[in-house]
Amino acid sequence: MTTVEAADAAARGTVVLIPAGALEQHGPAMALGTDLVRAEAVVAEVASSFPGRVVIGPSIPVGVSPHHLRFPGTVTLTTGTFAALVREYVTSLHRHGWTRFLVVTGHGGNNAALTTVAQDLLVSHPAVQFAWSPLTALAGDAVAALRPSAVHGHSGEAETAQMLHLAPHLVHTDRLEPGTTTPDQLDDLARVARDHAQPTLTLPYDRLSPNGVLGDPRRATADHGAAIVKAIVGRITAFLEDWPAP
Amino acid sequence: MTTVEAADAAARGTVVLIPAGALEQHGPAMALGTDLVRAEAVVAEVASSFPGRVVIGPSIPVGVSPHHLRFPGTVTLTTGTFAALVREYVTSLHRHGWTRFLVVTGHGGNNAALTTVAQDLLVSHPAVQFAWSPLTALAGDAVAALRPSAVHGHSGEAETAQMLHLAPHLVHTDRLEPGTTTPDQLDDLARVARDHAQPTLTLPYDRLSPNGVLGDPRRATADHGAAIVKAIVGRITAFLEDWPAP
Amino acid sequence: MTTVEAADAAARGTVVLIPAGALEQHGPAMALGTDLVRAEAVVAEVASSFPGRVVIGPSIPVGVSPHHLRFPGTVTLTTGTFAALVREYVTSLHRHGWTRFLVVTGHGGNNAALTTVAQDLLVSHPAVQFAWSPLTALAGDAVAALRPSAVHGHSGEAETAQMLHLAPHLVHTDRLEPGTTTPDQLDDLARVARDHAQPTLTLPYDRLSPNGVLGDPRRATADHGAAIVKAIVGRITAFLEDWPAP
Amino acid sequence: MTTVEAADAAARGTVVLIPAGALEQHGPAMALGTDLVRAEAVVAEVASSFPGRVVIGPSIPVGVSPHHLRFPGTVTLTTGTFAALVREYVTSLHRHGWTRFLVVTGHGGNNAALTTVAQDLLVSHPAVQFAWSPLTALAGDAVAALRPSAVHGHSGEAETAQMLHLAPHLVHTDRLEPGTTTPDQLDDLARVARDHAQPTLTLPYDRLSPNGVLGDPRRATADHGAAIVKAIVGRITAFLEDWPAP
Amino acid sequence: MTTVEAADAAARGTVVLIPAGALEQHGPAMALGTDLVRAEAVVAEVASSFPGRVVIGPSIPVGVSPHHLRFPGTVTLTTGTFAALVREYVTSLHRHGWTRFLVVTGHGGNNAALTTVAQDLLVSHPAVQFAWSPLTALAGDAVAALRPSAVHGHSGEAETAQMLHLAPHLVHTDRLEPGTTTPDQLDDLARVARDHAQPTLTLPYDRLSPNGVLGDPRRATADHGAAIVKAIVGRITAFLEDWPAP
Amino acid sequence: MTTVEAADAAARGTVVLIPAGALEQHGPAMALGTDLVRAEAVVAEVASSFPGRVVIGPSIPVGVSPHHLRFPGTVTLTTGTFAALVREYVTSLHRHGWTRFLVVTGHGGNNAALTTVAQDLLVSHPAVQFAWSPLTALAGDAVAALRPSAVHGHSGEAETAQMLHLAPHLVHTDRLEPGTTTPDQLDDLARVARDHAQPTLTLPYDRLSPNGVLGDPRRATADHGAAIVKAIVGRITAFLEDWPAP
């Protein structure tokens, strides 16, 4: 896209889709950049369903990952810097006329900072409509169909399945190995954090899993991944269909 | 509590409970400070169940309320200032030896900023364990027993019930009136925000309800409020029982 | 106060009174929250003298107390965070139409940061009139009548007297004990800080007094406290009488 | 001074004197930089009394002057930037071994921000001893001897006298003219600000005086200025005599 | 790369190469993301010459582009946010053991902010060695061989040539058109900015060229682009050869 | 200059010249404040050539000098604080009507932060034209005439020559001694930093020279200094002649 197409897209009131990821450990078998890969793939698929009605904005390759920082290769932004980055993406594009923004984040650690951006924009830029979306959380039924481990999540069944579908070359299938899969593998503190969704206690991931994995990624298949991605794309598509132009 | 008791409590490894509220519109019938009143009441009740094992820290009377700012009397902090405030409460107390902190927030608008605090503390103060908890979201069953309106939430059945139980003198019962109670009262944009929990779109409250209320607070009773509070206290108490001392 | 009364009060051009305190050591006998207790009591009394002409804004329970941080229980904000907090209280309320603000601070450590808020608002919000007031410093004659120790001040005669009058249940009278009362109890450095009001040298309080007290609080009486509070309220009331509506 | 002398001075435990001024209107007759001129002169005189025991640090030519910003030529720093500047001067020099710092400010608008620096350093750099001093406020008797106007202060009798003594070439004596000299020249709001030292209300100077002057500078003489400066130097010298090396 | 390879690479003392770009107008014919495309291509080529001695870190897709903000599609970060982002990339990776970092920026607007990062890291992280490099500026001779226009630069001969070589599918060759090519096309102000490299005057690009282009991109060829890229890679390779491991 | 002359100068559209320096080691023979001395001298000379067309703004005595911080006496600002300072100078003066600003910096360490100010002002204050200039870099031919050492720069031939011309009393000529003068005196890392202007690697100065000097200042003469200053003044004068009033 050049400035010519940008001028046109802004004038037409398109929605800006911004893929956000993280650069953080995904266990011994998956790439550090897994979250962005998934976010960009979903955004691309969504965009292809809305020709002329959405544009794809700049990616956010690094997110809020302090909980993974003890695993080599992880890069994290402070929440303040991440929020400033997103806000400046949005306010720059808003100058050109765009008013609707949807950040699609492959990394749940970004959720809170994205919410703070939404809150602060209400006061500083009331004409902006800022939405954000997770990935896996949109596909509850498809994930359940995987019959994941009792403890599952980061780099586990669902996330690995998505990668086997979207970017199998970024999965070292020979290295897939289970992480923490049952509550009894957790110590007392980690069990509190997992058992109680609320109150919420945030722990570094090395307290939750020695290899950084929650669940058993060996159970993932590309087919399950395709189903999960389809569910995600469906939910985001439905949202965009409903979102009225200002 | 004087510095003498504080020294003792810190040495014993107590958990610090910090009530957080908001100063924001709660419709025509309830006080601006409703959220802090509920948080402080819950904290007091929890504390009474754990004599000698918890202490009550300083309250946070103003929160993150940009979505209510078009209603008179609402005061909001930016998310950055709110987070700095919480962080400085925690790091001050951590100097005295406390390591476990639980912020109990009566206002859901604070949730994201509290999460950012938890994330940033993982790197800056790894010895701190920082947890936070909402109120009403802990009491799903008790709220459902109220049979709330199709659209319900802020200043609606559940919140009003809590106040009728905890601080009836702060409810002008003669002014209780329904706000938005059904989806058809919402315009297209507001309906998107309510229908899709995710993707998440944050709107100012005047787009959701002319009087700032979601639901019909006239259906609230003190008995329902007591049940909700009991459920909340039970959930927080269970969490504290499980939380191991470092 | 609900949003209904807030709308009315803002329209009438009322003055917003904001009580500010601190959470810091007050010696072995007085509560950590002493400064807010006094500020809120004075504000309430002032407000009762101006029915319909003032409103009470949100309290600031924690202030700038780095000099007390070596005493357990003390919580401090950095001066930047404290100033941001006050500024955001004020600018939020200014959106609703209020233009006159008076912060009444029970803690002298907040004075400088309050002044910086006043200064920065002159440029950023020229329509705001921002005033602040200390407590004890307004009651010189009434304090002198107490015949305080040669060295007196924090948690000493005057402050204890106010608490005996306003909130005797927050004073452990059996624990009242003198702190530093004469210059010869100070070391060379501390003496410089006390002898020279200007140049001004700020020291941590453990350099000034082992128990955090300056003066002999046993000499305080509730009657003296009543006289001090009366003088304070009188001075603030006189100020408000003179302050013209914009 | 080169790095050689700096190394030596730091090793000997000298006190660093930092002159601070402002660039702001001083009425039609005096230079914008008046405050720094006076501060540097006082610092030089003090330094000459303590050979080998003090060093003169870098000047701060611009201060906190938002209240003068409506008068052409005034430059102001926000309080946060001013405080950061002072803090970075101090922490840079502290790396070389200095521990005692005295900022001498010719401008009262800097007082609050200097206090916030002192407060924040207590926590971040506990080995630093940070003091600051005003000028004219140290010379109450000498100023009284001038029999200044009922309303006097900025660019008035005392400040002009100092300049006539220290830097007569920076005073356009032919342009000296009275500003506001009596309370009846003030409007209601300005009178509140002047009559009540506390509560403190900060106003822009154009509300206090059309020409930016408080008092009648025509009554100033160089002799009075010499007496004021002598008193100031005496007070600062006495402070330094008492200040023990760490 | 997974966390396994990252752990190994950090232990071996590899250099981290970070490609930085911009999202900004590149005239009617080239993609907004041109600068990142070129930076990533150069980094990939350099990395292939140093197997096992360098790693490629996360990209920076958006840079400091305020001068292009009047052209649709341009996104800019403030210099402070850009610097924070780079600093947090570096300090995160430094925790894992890396000490040498080279940011390769395809966008000259990032140069100053990169330098500020280098300066601040000298104090905050003295064990880090932080280097950065431009692209086109390294290839003076190869650019001269293009015989570019009298006025040339952004989106002109050299930049277009690189893209024709590296990513021809991102160049709309049918839209290539000259921008400002001779000084007489500039107005007085723009001529000052172009004629005087120093003193340096920064202007928005719409003052320099109506279509955002400096030079005549039609003269660019893929062969020239290959020569330019080869020169760039050569210079960076030589630098890396010389850079000793700590 | 008083506020009267300032009002007049602003109305006439004068250019504001701001001298910026540093407080940093300049070897055993030259004053810490050398850079400001040179900048102020150049600014004064330039101003004398443009009577009534320029004004001299407030000096910046301390700059960005982290690379010299291991040498006693050096004071540095972080790049963010330096930039805030410059920005607030400029925006204060812009309120009075000035639109053109030229910062003349005697210290190259300030260049990057000055550029970031220029960039950020493009968005925040589009009516401001902000330029900056180095000193010695403007006088390439005159410096070459000095036939400086193979390695030369900070506190070397050219800088010393300027000081011998402008402020010989601030040069201890008996202490002038060579620093690093040939590449073979550098270790491997330092050689990389010197040999490769780009990629750019910033090192602390103690890695480059034990006494902080690059070059042999004994070869400097006042005549060479005069020639260098003349060249600098000529370049800046030419720039100002060309700079059109808005």
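The letters A, B, C, D, E and F name the chains in turn, as written, and every chain counts its residues from 1.
Quick note on the criterion: a contact is a pair of C-beta atoms (placed from the backbone, for glycine too) under 8 Å apart; a residue touches a chain by one contact, two chains touch by 3 or more.
Keep in mind that what you see is a predicted model, and the values were worked out from it rather than measured.
Trainee: Moving only from a chain to one it touches, give the least number of moves from subunit D to subunit E.
Mentor: 2
Trainee: How far is the middle of subunit A from the middle of subunit B, if each middle is the mean of its Cα atoms, in Å?
Mentor: Each chain reduced to its C-alpha mean, subunit A and subunit B end up 27 Å apart.
Trainee: How many angstrom lie between the centres of subunit A and subunit D, each centre taken as the mean Cα position?
Mentor: Going by mean C-alpha positions, subunit A sits 55 Å from subunit D.
Trainee: As a quick test, compute the distance in whole Å between the mean CA positions of subunit C and subunit F.
Mentor: 48
Trainee: Enumerate the residues of subunit A that touch no fewer than two other chains.
Mentor: Where subunit A meets two or more other chains at a single residue, that happens at 69, 76, 78.
Trainee: Thinking of each chain as a vertex joined to the chains it touches, would you call that graph a line, ring, star, complete, or other?
Mentor: Per interface graph, the chains form a ring.
Trainee: If contacts are counted as defined earlier, which sequence of chains do you get going round the ring from subunit E via subunit F?
Mentor: Listed around the ring from subunit E, going to subunit F first: E, F, D, C, B, A.
Trainee: Using the touch definition up top, name the residues of subunit D that touch subunit F in the complex.
Mentor: Subunit D reaches subunit F through residues 1-7, 10, 23, 25-33, 57-59, 61-62, 69, 71-78, 80-81, 84-85, 88-89, 92-93, 95-97, 172, 175, 212.
Trainee: If we count contacts the way the header does, which residues on subunit F are in touch with subunit E in the complex?
Mentor: 64, 66-67, 69, 76, 78-80, 83, 102, 104, 109, 111-113, 115-116, 118-120, 122-123, 126, 129-134, 137-138, 188-189, 191-192, 195-196, 198-204, 235-236, 238-239, 242-244
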